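Some structures to go through are shown next.
Shared between the two complexes below is chain A, which pairs with chain B and chain C, respectively.
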Partner chain A sequence: MSDMVLQGAAQRPARPALKTRLAAKGFDGTTLLVLPGLIAVLALFIYPFLYGVVDSLTPQAGAWYENYRRFFSDPFLYNTISATLWLALPVTLLNLLLAVPIAFRVRLMRRQRLLTTLLVLPITLGTVLVAEGLLNFLGPQGWFNRTLILIGLLDTPLRLTNNYWGVFASLLITGFPFAFLLTLSYVTGIDPAIEQAAATLGASAWRRFTRIFLPLLVPGLSVTFCLAFVQAFAVFPSAVLLGAPAGATRVISIAAYSAAFEEYNHSLGSAIAIIMGAVQLLVVLAVLGLRGFFYRGSASGTKG
Partner chain B sequence: MIRDRGLGSKLWRTAVWAVTLLFILNLLGVIATVVTNSLATRWLGTWLPVDFTTRWYFAAWREFQLTEVLLVTFQVVFLVTLLSGLIGITTAYALARRDFAGKRFVVLVFLLPLLVPPLTYGIPLATLLYQVGLGGSFWGVVIINLVPSIPFVVLVMIPFIEQIDPRVEAAARVFGAGTGSLFTRILLPLLLPGMLAALLLVLVRTIAMFELTFLVAGPTSQTLVVSLYYAVFASGVRASQSIDAMAVVYMVTTLFWLILALRFVNPTQIVARAKQSQPAH
Partner chain C sequence: MNAATLRATSAPTAAAQRAPAPRAGGGRLELAGLERAFGAYRALDGLDLTVERGEFIALLGPSGCGKSTALNCIAGLLPLTGGAILLDGKPIHELAPEERGFGMVFQSYALFPHMTIRKNVGFGLAMQGVPKAEAEARIDAALDLVRLKSQGDKLPGQLSGGQQQRVAIARAIVIRPPLVLMDEPLSNLDAKLRLEMRAEIRAIHEAIGSTTIYVTHDQDEALSLADRIVVMANGVIRQVGTPEELYERPNHVDVADFMGFRTRILGRVTADGSMVELPGGRLALPAARGLRAGTPVTVSVRPEDFVASKGEARGGDGLTGTVRSIEYRGRAWFGSAALPDGTLVYFRADSTLPQGAPVILAPDPARTLIFEETGR
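And then the complex of A and B:
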């Protein structure tokens, strides 16, 4: 017994102090600076999120799964998922399809600043203002319909507000700049020497795009798709103001909001909010999973 | 630079530019509609209004109590910017300088709020805030806006801090600088451009942040964008010119900060986090 104590005492000077050992693993005074931010996010994001999960499982009446049962048995509620996907997926795809060729053109421009600044406008103006502007612009007497009638494409004005297309247009206007600027930053990150090498070896523009750029861009494009999809999927103000909030554009965020703050059923509201997060997560995971089939690696040319 | 000269590529180029032009024309059309309508006396069924007037701005200012709303907006926005700056930059400094067990997990925690739709965490958080008694209050609006702002500052600042050579700090230490003077004399001047960029972006984003503010804003804690939403929502009640006048006030507020922000940041940073500096070839 006393031998072991003595042994322990003899070993102690050989072991560095706790502070030194922690510092060697990266924990010291500077690491503690991470705490304010971490505590804030844990308290304001993780805790409310877990609270929401528990809240959604303790309904006002019935079994623990009552909120989820109600959501998936009431067509007025579960149809919001398809309504939201039906808006968000086509818009996100269209935005990406437009963003890629335009980013490829803009990359060759020397003065991109004016164009990119113009395109940042709708992001900073936000969805509410774009919705308000589009209500007049796309309305039956708005400039859009008037121009189409003037150049003879139409005889009677198209109905573009208070339905699916109004929301579609607003998501296009706020979503395209986002997709474009992200795509542009990925496209300009590819070393032009790779394209020059392909052109020297006689690859046509189409072959250079499909065989060189596309494989290098797939990781970036899938991230862009996910981020743009997250934005489109969360559509809320424009679906109310520009769409038909009781009909075709009754998106899932409207259902969540009205359950929580109009019916005062925060338990059901949390449940719908969590279903919303889960559906979005599924789409994001599917896209990122598809990405695994493509090339991953450096987009910069290397010498030797 | 490679330029293709075939007819097909010429047509393709024209088509791409035509689509871009169409998009920009429509975008400017939307903005011009709002501005024109706010200045119109009557505008029904014609290309341009009958006559122009500025009286809607005075009407909107009174009707929507814009003095109070603007005051609240700026208080909220500056407080959110300040708090997320203080918290975010210290956190980003630790994450940029130290490698520790669980760092990947911490970074993931900061990424999540930017990847989840605002309403998914906004509804439970708003419920909690109402239970604590902060719902509808000024501080409730500030707190809910901090959720996306702090992670945003952290993620934008990490690459900026990583760019600063740690040997500069070590040299300052060798010459006897304390933590205080190290921060004010070395880090602050070097980080200032990055900090300005990050904070201005938070500012612009917070002014336009609708969903979260909407969930907790009460009658006295509405920001400009929430008031605008309510005005458009109840658009039968007020003259549309008056609503558009308020929309122009909102536009001017955001654009002022956007133009200021663009002096310090690359437009692509507004959507993505700052790209790490490219290695030299």
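And then the complex of A and C:
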């Protein structure tokens, strides 16, 4: 009987079953759960994206690059890039500059949840509601101007709506919660003992921030910057409602909209959307590139 | 030799750098009525302690006894709610941690992950504004002392746990603090490494002679490292003494518990005052003499002093119990047995005993402690 067992062992295939080999490489039944997500990505992102690329290269008239030629030769179109950047970059920077100190304060608080909820509320309101509110609040007859005139700081109302500053304020309010929440999670992710160690070694609060926290936060802050920037760059409703959609706040998404739905030139609209994506990508790559430079520098000890 | 290098290269310049700070030998620390409350909960309830220059003190106690709170208060990371801390006679409890200049070693190492080992060790020197050439020499000496000189350009993440903790120690002592604070520095290491690091910490302490306060919940660590041990429970000091004093003569049931007296049995002194009546029998204990008849007492025994043998106790030679569990630990068997009232006792036996068997449990009378309190 022991012979039989030995024989059986010898006859066992040298290679494990296909299923086992696949599982070792990370493919098993659970892998199938990726499929719905994959289908959604293909149907809702890859296909429309490729469709848009092809659409933008098949203009209503002229050569395949006609849409792009037109965009970059018409200041009314290409100026939208700088107008959008001029809004999105300062707003994103300011949001980060506000989020970092507030996150540092909130990280020490006991009742974090209440404050976090309050700060995050603007997300749930939606851009249109915020824009409506700001129109009333910042308008020539709004509370803001009335109060300033009442206490004698102003003689005539400040113009804060239907121009750059209205859109700026709206983007700040709707963009801040994102920047804040992400920053808070990065800040609280740093072991408090690291700061305590720096303190016992003689580092003042400012030096703890610049020497310890900031270098450790750079990777997280740059990701936060990218996400907040992409969100601000796609500004549309508040640029129309609170801004001057034909002037200073004629952002790139307005150009795409009017090309596609006012001129009925969907091919040009697609081209503008592709250009918009390319600009975002450039900014994101630049920020991530800077991050790598910064982090490598401090990690190898050349900093300070 | 490493230590000699550290001193030789650094002592003269350092004395010039920080003239008022005490030199090798560290400072003399006085804690006067230290109090720290969290709301209604008093984590520290009037702590008085004087630590002499160059002394190695272990704060020992179970988790939640207030030992880490005490350390954080001394470091300045937690403000006091009462009392005073004096270093060489000067009150320092109002100072921020960065103004105290103590070296602290954390349980989680707390190395700066983005800085090389050398930068980590040199951080405190950079904050003090020590000139670069001197700082480099001191970093070298400190890394030498913890035997990590060749690892200076690595990042903390590239080192093992033991190495990281040695970096943390080097970083804390390189600033020549009057006081070194260690918060369970070995509890994240494996058993073997812990023994090695223990010896190393003691050697470093002897080399630099700094006053050291070492927080731990490990009795062995405290006994082997400290000049004096402070046992804490519920925010107060239970006993202060040399390791030998504490091990041989704990003065409180909690201290005994921590010093390995695992078994505690509640009983009463008998009418004639010579014996202690316990569940499962009575014991003649010299230590009971002098106590009034009927006094409730707690009897504490270490497992190795509690010998079990087969059979049932008759008249004063031991307690009768039932074996609950037994295991071989090399040389002898150790196990637990239940007394008639359910009290668990931990014993040693020379041969294995079947589970559920009745046993005679005879403690060594000279090594059995009696406390008048009946526990908490």
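Simple rule for what comes next: the second predicted complex is superposed on the first by the 270 of 304 C-alpha atoms of A that agree within 3 Å, B and C clash if a C-alpha of one lies under 4 Å from a C-alpha of the other, contacts with A are read in each partner's own complex, and residues count from 1 in each chain.
Here is the rule we use: contacts are C-beta pairs under 8 Å (C-beta built on N, C-alpha and C of every residue); 3 or more make two chains touch, one makes a residue touch a chain.
Just so we're clear, the structure is a prediction, and the values are computed from it rather than from any experiment.
Enquirer: According to the stated criteria, A:236 is in contact with first (chain B), second (chain C), both, or neither; which is it?
Expert: first
Enquirer: Once chain A of both complexes is superposed, is A:133 in touch with chain B (first), chain C (second), both, or neither?
Expert: first
Enquirer: So in the superposed three-chain picture, is A:292 touching just chain B, just chain C, both, or none of them (first/second/both/neither)?
Expert: Neither chain B nor chain C is touched by A:292.
Enquirer: Between chain B and chain C, whom does A:144 touch in the aligned arrangement: first, second, both, or neither?
Expert: A:144 sits against chain B, while chain C stays out of touch.
Enquirer: So, does A:194 touch the first partner chain B, the second partner chain C, both, or neither?
Expert: Second partner only.
Enquirer: As a test of reading the superposition: which chain, chain B or chain C, is in touch with more residues of chain A?
Expert: B
Enquirer: Counting only touches as set out at the top, which of chain B and chain C does A:27 meet: first, second, both, neither?
Expert: The first partner, chain B, only.
Enquirer: Is A:152 in contact with chain B, with chain C, with both, or with neither (first, second, both, neither)?
Expert: Once the two structures are laid over each other on A, A:152 reaches no partner at all.
Enquirer: Examine A:75 and indicate which partner it touches, taking first as chain B and second as chain C; both and neither are also allowed.
Expert: In the superposition, A:75 contacts neither chain B nor chain C.
Enquirer: Based on the A-chain superposition described above, do chain B and chain C contact any of the same residues on chain A, and if so which?
Expert: Looking at chain A, the two contact sets intersect at 191, 196, 199, 300-301.
Enquirer: Quick check: in the complex, which residue numbers of chain C touch chain A?
Expert: 75-77, 96-104, 106-108, 110-116, 118-119, 123-124, 126-128, 153, 155, 168, 171-172, 175, 181
Enquirer: So in the complex, the part of chain A that touches chain C is made up of which residues?
Expert: 191, 193-194, 196-204, 207, 211-212, 215-216, 295, 298-301, 304
Enquirer: Where on chain B does chain A make contact in their complex?
Expert: Where chain B meets chain A, its residues are 1-2, 4, 9, 12-13, 16-17, 19-20, 23-24, 26-27, 29-34, 37, 44-45, 47, 86-88, 90-95, 97-101, 103, 106, 109-110, 112-113, 115-128, 143-144, 146-147, 150-151, 154, 204, 207-211, 214-215, 225, 228-229, 232-233, 235, 240, 243-244, 247, 250-251, 254-255, 257-258, 262, 267-268, 270-272, 275, 278-279, 281.
Enquirer: Write out the stretch or stretches of chain A touching chain B in their complex.
Expert: Per the stated touch rule, the residues are 25-28, 30-34, 36-38, 40-42, 44-46, 48-49, 51-52, 55, 98, 101-102, 104-105, 108, 113, 115-137, 141-144, 146, 173, 176-178, 181-182, 184-185, 189, 191-192, 195-196, 199, 205, 226-227, 230, 233-234, 236-237, 240-241, 253, 256-257, 260-261, 266, 269-270, 273-274, 276-277, 280, 284, 300-301, 303.
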